[in-house]
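The structures considered in this document are given below.
One chain, subunit A, links the two complexes that follow: it is found with subunit B in the first and with subunit C in the second.
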Partner chain A sequence: MEQEQGWADLQINALSKSFRDPKGAQVHALDGVSLSIPAGEFIVLLGPSGCGKTTLLRSIAGFEKIDSGHINLGGNRIDLLPPHKRPVNTVFQSYALFPHMSVAQNIAFGLENEKIDKNEVKARVGQVLELVKLTELADRKPSQMSGGQQQRAALARALAKKPKVLLLDEPLAALDLKLRKSMQFELKRIHRATGTTFVFVTHDQNEAMALGDRIAVFNQGKLQQVGTPFEIYTAPASEFVANFIGESTLLQGKISGQIFEGDGLRITNLNQDINANASAKLIVRPEAFTLMQGQTSCGKVEIKEVIFAGDSLEALLVTQSGHEVKVKTGASLLSQLNVGQSVELFVDVNQIGQIA
Partner chain B sequence: MKLRPITQREPGIYGPGSVALPAYVTGILLVGLPLIVVIVFSFLQRGEFGSGVIHKFTLDAYRTVFFETDLMGNQSLNFSFLKIIFRSIMLAFTVTVICLIVGIPTAIWIALQKKSTQRILIALVTIPFWVNVLARTYAWMLLLADGGLFNQIGAPVLLYTSWATFIGLTYAFLPFMVLPIYASAEKLDKSILEAAFDLGASGWRVLIRIVIPMIRFGIFAGIAIVFIPALGAYVQPSLLGGNKSMLIGSLINDQFGESRNWPVGSALAVLLLLMTALILLATRRRKLEFAS
Partner chain C sequence: MRQKSWSVSHLPVIKPLGIASLVFLYLPLFTVLIFSFNKSEDATTWGGFSTRWYSTILENTDLIRSAKVSLSIAIPCALIAALIATGLAVGMGRATGKVQNFLRALVNAPLVLPEIVTSVGTLALFSLVGVPLRYSSLLFAHVVMCVPFAFLPIRSRLRDFDENIFEAARDLGASSTRVMMKITVPLLVPALLSSGLLSFIISMDDFLTSLFVSGPETTTLPIYIFGLLKLGASPEVNVIAALLLIIPTLGLLVGITWTATRRRSNEARNK
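And then the complex of A and B:
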């Protein structure tokens, strides 16, 4: 697969699509989206429902007609091709297995559409069945299998075609939590084993974090931020991204001389990469705050709510100006914290992000 | 509109004396009793002046159907009845095939439209049911007659030819083919069709390998409810086809009318019923094979 790198890069260029909702209003499903996906990457398209991530996936597959822009795969324009001529394959949310065919027949169907020798078809069906660990169930009908097994069958069917890009449309959404977790590991393993580009759509931020080499966050048809899970989490580019991925507290105020003042808090010794600004916005993750001594002090806060989460305490605090702050702190403090009590809040200045 | 056998019966809900009682009463009064009368009549003697029956057991009616007696009193097999049966089957078969060829694409096309459009199209398909079949057949007579609309626009006079019979029967039974196929096509998960295209299948292959197998129950139902009534069709062959070639439906009608031989008419009806039952059994067995 190494030699395929480079010429199977997926380029999405200024893609736009709008449609009319039932009330007749114009909705921008995709609004000038540009994204470059190198071959072999596992990229996750993340966002709330209706943000355009599924429209983008379906545009790559060829099920949606785009209004403007183009899609290139390895330098060839593919957005004008009909779906059955594109070298990409899809794993559908509903699995979309053919109910009247066995698993092996489902997988062979895609191969029979190419002019492939019968023995070769058989061999490749065997290979992908082994890859997804379904060899024993080859002759089962979809209705005789569990959701997780159907999921694997759908994956095998798409992979058998050796697509340049595998599109996955919320494939784990219908599985229960435990199965979803184990399928996430399976997907990572299969991605490594095949070296195929995976474009994975989800609205579940934890799933996105767990799976993606990179995450592309969408909102209202616009691409908000692209980056590694670490970048997206630690340096969200906008308030939307900060709120959509994990929990965070937004602090608004004035920064000068590496000191922040606002929302009833005062933070000194800010990092050098935080810029002075008369109306600054800072993003702080709950785990960057602490109620334990030792970090930079922010000021006094009142405890509004404490939730024991096993490995940690989640507390909702109110600053003197009435601003709410979310904190994740050591579980050992449980006995010392009471609702209504006034405590000192500390922060790790290295984990403070700034947004425009 | 799915004709599937009920496999699990809960006597409390479906048994007699339950909410299903009206269905039982209707079934017994309108189907069971007349059927028993027909079966009994077929084993009785012909009435003195042709009408009615004499309550005396005999197999004469069946003997008349299958054998003929020459002037010398010798009996030999009578092939004319078998010929009529064969002709009727061929007619019903042809009509069913035409209805399939026209009905399958129509039903699939309707099922692929927007929901609101689907409703309108299905209403259009059922509009002919609002008018009595006899009235509609007379309307076709006017259309196909010498000087009728079809003749005026250059078509030959089709009335009283077997073409007219085919046209009339196809017209009458097409909705019965379209509706059950539509009912199963409408339930097709669109993403399954997308998956088939996604896997590189052309439109034709998607139709043959995916769509038709998935709507097969609708197709079986359509075949059954077109073929069976077409087999005993009487109105269209006599009014449009001019009764030029005898069919089983007309033959039965004649026995109760002009020929005044109720037992033979009943015997023919019983034979038609047996044949229909055999055909139904055959298709049902195929259904079960497919389902398993």
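And then the complex of A and C:
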């Protein structure tokens, strides 16, 4: 299905929304969020539950009234329009298929709301059914389909409208792991085939990494960081992002003359982009550490726990000051590592990130 | 053997008590059915089998008239009450938290109020405002009485829906009227039917409210029957009661058979 409507960038400008929780306390669901999403991008809004990602999605769809800020789509302000007048469509977590209509009728419903010619409706329904591979089940009622099939039907229904932006609210959350994986590939394929902007909400960091051209990480109503999965993973902007996406060890100490000292470790030869600081914070991913000779030495550590993960070993180590360090290292070391043993820890200085 | 935990149902009196309740529940129904075929002039002494009273009631114009009055009240009452209840239930879904609780309490309260209170109140209000006791005033009183009952099945059906369905319809470009016509109403059909049926039965059966607000032109069936009893128990009363028992039961059986067949043929088609 080719993109017929013009390309449209989505601009979110200083969006704020707060409401009162049942106890009467003020909660900032969105706190001055600004985000620019170029047309055709697959962006993932990631964060723990209650972080504001779903509120942002519902604000774009028009189901939430925002307190301040505005939303522009292709230069036109859309945040004052009612949901049915916005050129965006939503795939709901619960699918929200109409139980009294067949799949084909569900898809046609959206098209019949526009003044589209009957034959055109039929053709478009056929097109999207083919796109999501549901042609054979066109006459089934939602209750006669599996979760994965309902998911595809919901996707087809939203895509049939040829939205400028497709909003997906944790659409894979209700599927089992295997189906979720295959739907991730399907979503990538459908995104490429349609060229539509996808805004995808999830709390699952692996799903975010797998799907997003870019990931926007949210916490407590604030946008924490936006970047490609690679940027987010290798250069997290904050401790929250570092901990929410993948595992990491936070080292706190003093940096001077490209040497870090703190938490019972001493790392020399730090990269030039690491700034001197009397109270510095470094983020190190488990795979940046190793117990094999070759990289820069950090000092002696004691082995607290070793887990064999097939292709690698995951070890929990304790430095001399009692700080815990997570390491992912070669599986070949398995026979040489014993709990309680003291070993030398090495690190790849190119993979050390600094946060403010 | 594992000891079963004790519960009220193990009391020795429970079983005979249960049987006795069922007997007392159905014995009058059987009695009235049998006595509707009584030959005797006296409603309560058996004088042999006959269907004579079934033919006499067909010639009883007062009876037919009161039955017509009852139907002409109950049918529009069911429709109007279901319509108002739908509006209330849909509207209430849009209210939030405390407002919704308050509104729901307001609608449900008449269910637990003694009917005599509302009846006297309605009559007092009618005389105060100067509303004559005609067909329209009786219909109005019946609708008011039925709305809280009609509200229950619709509200519970609406609550079972995934709220996102309505958002999805809006999201797909439907105006609120179209959401109502294409999504809300079709999904509410079963609830609308039970709500209308409930209102119909309550209206047909009502005595107290009708007694207070009916005028000479609007004698309903229950009031007419009560009048017959005041003149001494006529065997016609038994026949009317029997018919009121048989007709709805037959209707119910037909309905159940129809839905069962439809479901079976639906399942067969999907296989």
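We adopt the following convention: the second predicted complex is superposed on the first by the 349 of 356 C-alpha atoms of A that agree within 3 Å, B and C clash if a C-alpha of one lies under 4 Å from a C-alpha of the other, contacts with A are read in each partner's own complex, and residues count from 1 in each chain.
Operating definition for what follows: a residue touches a chain if its C-beta (ideal position, glycine included) is under 8 Å from a C-beta of that chain, and two chains touch if they have at least 3 such contacts.
Every value quoted in this text rests on a predicted model; they were computed, and no experiment measured them.
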item: Superposition on subunit A - do subunit B and subunit C clash or fit; value: clash
item: Partner chain(s) touched by A:110 [first = subunit B, second = subunit C, both, neither]; value: both
item: Touched partner set for A:320, first subunit B, second subunit C, both or neither; value: neither
item: Partner chain in contact with A:144 - subunit B first, subunit C second, else both or neither; value: second
item: Which superposed partner A:182 touches (first subunit B, second subunit C, both, neither); value: neither
item: Which superposed partner A:275 touches (first subunit B, second subunit C, both, neither); value: neither
item: Subunit B versus subunit C as contact partner of A:342, first or second or both or neither; value: neither
item: Shared contact residues on subunit A - subunit B and subunit C; value: 61-63, 82-85, 89-90, 92-94, 96-100, 109-110, 113-114, 157-158, 161
item: Interfacial residue positions of subunit A with respect to subunit B in the complex; value: 61-63, 82-85, 89-90, 92-94, 96-100, 109-110, 113-114, 157-158, 161
item: Interfacial residue positions of subunit C with respect to subunit A in the complex; value: 162, 164-165, 167-175, 178, 182-183, 186-187, 270
item: Subunit B to subunit A touching residues, read off their complex; value: 189, 191-192, 194-202, 205, 209-210, 213-214
item: Footprint of subunit C on subunit A - complex, ascending; value: 61-63, 82-85, 89-90, 92-94, 96-100, 109-110, 113-114, 140, 144, 157-158, 161
